[in-house]
Amino acid sequence: MTKQWTGIATFAALAASVPFFLGDNPYIADILITMLMMAALASAWNIVGGYAGQFSFGHAAYFGAGAYTTSILLTASSIALPLCIGAGILAASLIALLTGAIVFRLRGHYFALASIAVAEIVRLTAHNLEITGGAQGLLITDITFGNLDLNSKEPFYFAMLFLLVTTLAISLLVRHSRAGYFLLAIREDQDAAASLGINLYLWKNMALVISAALASVAGSIYAVYIRFIDTSAVLSLRLSIEIILTTIIGGVGTLWGPVLGAALLVSLAEALRSNLAGELLVNSGIITEASPIESFLKNNLAHAHVLVYGIITVLCILNLPKGILGLFRRKQRT
Amino acid sequence: MKHLFLALTAALTIFTTLPAQGAAPVKIGFINSITGKEAQIGENLTNGATMAIDDLKARNIDVEMIREDDGGDPKNALAAYEKLVTRDRVIGVVGPYTSACANVVASRADQYQVPLLVPAAAKEEITMKGYRNVFRLNAPADVYSNVLLKSIAPFRPGTIAYIYAANDFGVSTVKTAQVNASTMGLKEVANEKYQQGQPDYRATLAKVKAAQPDLVFLVSYDADAILLMRQAKEIGLTPKAFLGAGAGYTTAQFAQLQDISSMVISATQWTDDVNWPGAADFGVRYRARFGKDPSYHAACAYEAVRIMALSALKARDSKVLRSALTAGSWNGIMGPVRFASYGGYTNQNNHPMLVQQLQAGRYETVYPAQFSKKKLIYPYRR
Amino acid sequence: MTAPLLEITSLSKYFGGNAAVSDVSFSVEKQRIVGLIGPNGSGKTTLFNCITGYYPAASGRVRFCGCDITGMKPDRVCRLGMVRTWQRVKPLAGLNVLENVMTGAFCRTRSASEARKIALHRLEMLGLDNVAQKTAGDLPIGLKKKLELARALATGPKLLLLDEVCGGLNFTETQELLEIIRGIREKGTAVVFIEHDMKAVTGLCDRIVVLKSGEKLAEGLPSEITSNPAVIAAYLGTGYSHA
Amino acid sequence: MLFFQSLISGILTGGIYALAAMGMSLVFGVMNISNFAHGDLMMLGMYMAYYLFTLLNIDPFLSLVLIMPAAFVFGYAIEKTMINRVIGHPSENQILLTVGLGLIMGNTALLAFTSDPKILTTSYSSSSFNLPGDISVSIPMLLSFLVTCLLTAVLYLFLSTTRTGMALRATSQNREAAQLMGIDVSRMSAIAFGIGTLLAASAGALIAQTYYIDPFAGHTFLLKSFTICVLGGLGSVIGAGVGGIVIGVVEAMSAAYLSSEWKDVVVFVLFLAILLLRPRGLFGRKGEQ
């Protein structure tokens, strides 16, 4: 456990020094911010999905709750940013409690489907209401916070990093406390857990609320960073599934799996999206710019990036059900 | 396996940080939705942009256009823009297609001082925030309803019903239509917003039919437009006119289905029968090359890329390019283009939108009079 | 003396019209060992499930430590001091043996170090200390049964409900386990256990309750039960000689 | 009139929903897998119907004869090569595997067919007749509905009278017991997935005539199919049939009397209500777990 605390501290120190090496490179900074965000979201999801084994397929709802609450308050009032983020946490926790009241009565497939249904209701509601900007979304302009330059990347990089480190610390604290044992017991066998005096309903809800609160902060930071939100950007089922995939590919139920998954998937998605993969092949002299392979890649790789994503998912589930971290660990059980 | 993953991670980290190579001529960027839910319209923009670059090449004008996909996600659009301006060092960017993405990128353009030319996104606020580096070629959403209702005003309709997709474009357009309609004294008798992609709209249409409107104002994308009109015919919804704002009511596919599309009036940014220079020729060459009719998105992208490329070639620098765009004027397949500030807009091309009606399976421009050869037929008869 | 530790009154449970448990009453005094026997399908496990709150009872009452726990959730029942084990063992398969038992100990304490202490003690008591770091899912069945018992004991129960804890064990293992159960009783915990192995039951129990087709067939001292003709006819006739 | 119009179109649309959901329910029953690639399998059926019609001029209703065996073989192969490897795994892994398969199918279709929506227009696509009271009935929808009824009847007979059908049902009731009885459950899984794919593709082919076709057109029906399966009872084929029609009617009625934009919300609320109040669904036996 001490080793893991050292790990988190080292990670925080290393990551915090990155901007000083990076210099003025907004593009890379943007990718890193996305990575940190996905890592934080996946780690937050991991508390309820990985530790308690409750695979919520609706985490976008909490991310979106944070993003929407913060955006609405920022545009409609002069409430300070931290308070807006706090309100976002509150909103997400409320939705989480409401969701928990419904879905935690169910198990397995029913749980997964119900969590999707709740998230879809949240999405459609945001889509239909006026206050959320409905289908038009919300554009936030002229936000200030202290003397921070919100046009630069640093505040968001550090905010996301802070959130990620906090999430990791909370994960570690939870994991090694009574709560952690209870969540793991629930994951392994709900009936056995109940027979040991664990209040399933209470602990599952606690895990979900912590997870939702952290996800909502990610949403709030996202909203202020991008300055525009709509339902397809912050409340979509696609986002929920991406969060789960990130965790699964990295290693579900582990501390560093979500971080590893985010680093890998975000860079992969970006490399495919912007055809950096093709460029790399050209630059390294493997193929020439005029070759048919490059023109094929140029024309199709962007098209194909979701396809590649799908292939990786399938390969991972079939061959690495314990994620990449699972590869590095000694086989623990048969 | 372990080593593979380590290697893969290392490779990814390296090449995302590698600088782009070469000192090519002048570089511009093009951000578009190649994947994602907007991909089908994105493809039209891609085709238009490709044609523009090839046309310039044929005239020995070499401009390098770097394409980026945003997948319809504002986060990706921002990453794409930042990559283009900081890593690829483009001096101007055309795009993005969707309003959501354009909104986000537009809000950063002044920060990086690299001009952004929005080819086809309709949301008004994109050019209403006073951004100095944001230009828009197409007419914003309010013009769609404005021009449609103006074209029909002489016939003095009394009531109007709205049926529209619950998306950004649908909601924005209907909001302005309601304002325009109430100044015209039109009474609203039904307002039906629907989620896209439903297989069955009959219940919605039956409800509208019961309200007996003179005008039915529709905003839909491609496929929904066909479903709606098909089912409207079955249900027997026969107002005096169907007004289709943009997108789904201006496609070739829609025109071919004469039994349901005949007489539908629609607003568009562009047609190939308009008397703007090169419009007809563009249509012919587009059809020959891509095997389908050009949509106005293709024309918008073509003209935006052409304007950006020509201006960038002369300017060779972002700041000069901005002044060139602000000061310049062009006349091409989109008619006369000038980026001006008026009515709350900044750097907005006051593009005249066209009203067309499907007559005998062809889109005929019927309004404004100076661009049209045919007369609008009203009331509608099946 | 005082009221019994566990008191079951006219408990019934139906599955789709069939009575799985029908009008069963009995009670358990402090520090006693009660055996619950009966042929397969006689409703023993269902009765456990009703007592501990896994199934809602159709009618009847369950009182434990003087309070009415009918319909109470399993986790509250456990915190009140009644804990059960499972016929089909339910180890927390991904956790190691120590963590399994610690999970039980957390029922009594919030502190991780305290829980660890309790758990290590229980492991020692059951002779599991040498496998403490093994993953629970990998243990052989005999050790899984012991783990199940250790985990239940870690919750600090007043009453332990054991569901065929000796099933699948060989003779030595069984003897060992029975010795442990005796030790548990010495320390003040009452035990109700379902068992097929009649010898074990008669040797260990203070009282025996016999179920047949969901109904209570007989109740009494082991000697009374073994000589009860109805019981012999229903169950012991084959079971006793067989064992 | 509005009421009857909505009722009729709700029932006809519900028929298609039902067909899509039946395949999903069968797969769930036999394999205990929530198939998130179901919408993409429908999409494959749509494209098959489209190209058979435009290239070979085969009427979409006739083309079912070709589509069904092709889809069965495709589904059978997918099960044999991939899905059977996750049977018995945690449900989340199964869900993600099918999500991944769906991504692959949808995006392969995107590369192959582009995202341009295709409209399958037959000579009778927009034809309809009127019932008394000016209620219009779409002819292709009615034909599709009748085909759906026919397929349901055939499926029902197959499941209740043939050897394989009964083995499928046994597997659906209790996999372990079925295995003990000498049923080759892994073969049953493959057959179930094959039939599930067949039904999905048929539903796709039928709806293609009144809907549009694009690489993601099936997704509209995915969450609906889940709702219907839960409503009818996951695993119950007949339940899915009835559930489909119920959902079709609920949608049409909420569009008519509430508002078009909220009708999906109504469906999801109904879905949650069923999960909470009657998790077995209308006809389900499995329940809870």
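So that you can tell them apart, the chains are marked A, B, C and D in the order they are listed, and the count of residues begins at 1 in each.
Throughout what follows, contacts are C-beta pairs under 8 Å (C-beta built on N, C-alpha and C of every residue); 3 or more make two chains touch, one makes a residue touch a chain.
Worth saying up front: this structure is predicted, and the values here are computed from it rather than measured.
Within the contact network of the assembly, the step distance from chain C to chain D comes to 2. Legend note: the chain whose CA centroid lies nearest the centroid of all displayed protein CA atoms is A.
Taking the mean of C-alpha positions as each chain's centre, the chain lying farthest from the centre of chain D is C.
Centre-to-centre separation between chain B and chain D, using Cα means, comes to 35 Å. Rounded to whole angstrom units, the spacing between the C-alpha centres of chain A and chain D is 32.
With centres set at the average Cα position, the gap from chain A to chain C is 44 Å.
In chain D, the residues touching two or more other chains are 107, 110, 261, 264. Of all residues in chain B, those touching 2 or more other chains are 35, 37, 166, 193, 195, listed in ascending order. Multi-chain contact residues of chain A (touching two or more other chains): 124, 127-128, 303, 306.
Of all possible chain pairs, those that touch are A-B, A-C, A-D, B-D.
Of all the residues in chain B, the ones that touch chain A in their complex are 1-2, 5, 8-9, 11-13, 15-18, 20-21, 34-35, 37, 67-69, 71-76, 78-80, 82-83, 86-87, 100, 103-104, 107-108, 111-112, 123, 125, 129, 166-168, 170-172, 193, 195. Across the interface of their complex, chain A is touched by residues 52, 54, 73-76, 78-79, 83-86, 90-95, 99, 102-104, 106-107, 110, 112, 115, 135, 137-138, 151-152, 155 of chain C.
Chain D meets chain A in the complex at residues 28, 32, 34, 82, 85-86, 89-93, 95-97, 99-104, 106-108, 110-111, 223, 226-227, 230, 234, 261-262, 264-265, 268-269, 271-272, 275-276, 279, 288-289. Those residues of chain A whose C-beta lies close enough to touch chain D in the complex are 49, 53, 55, 57, 102, 105-110, 112-114, 116-118, 120-121, 124-125, 127-128, 241, 244-245, 248, 300, 303-304, 306-307, 309-314, 317-318, 321. For chain A in complex with chain C, the residues that touch the partner chain are 176-178, 181-182, 184-185, 187-189, 191-200, 253, 332-334.
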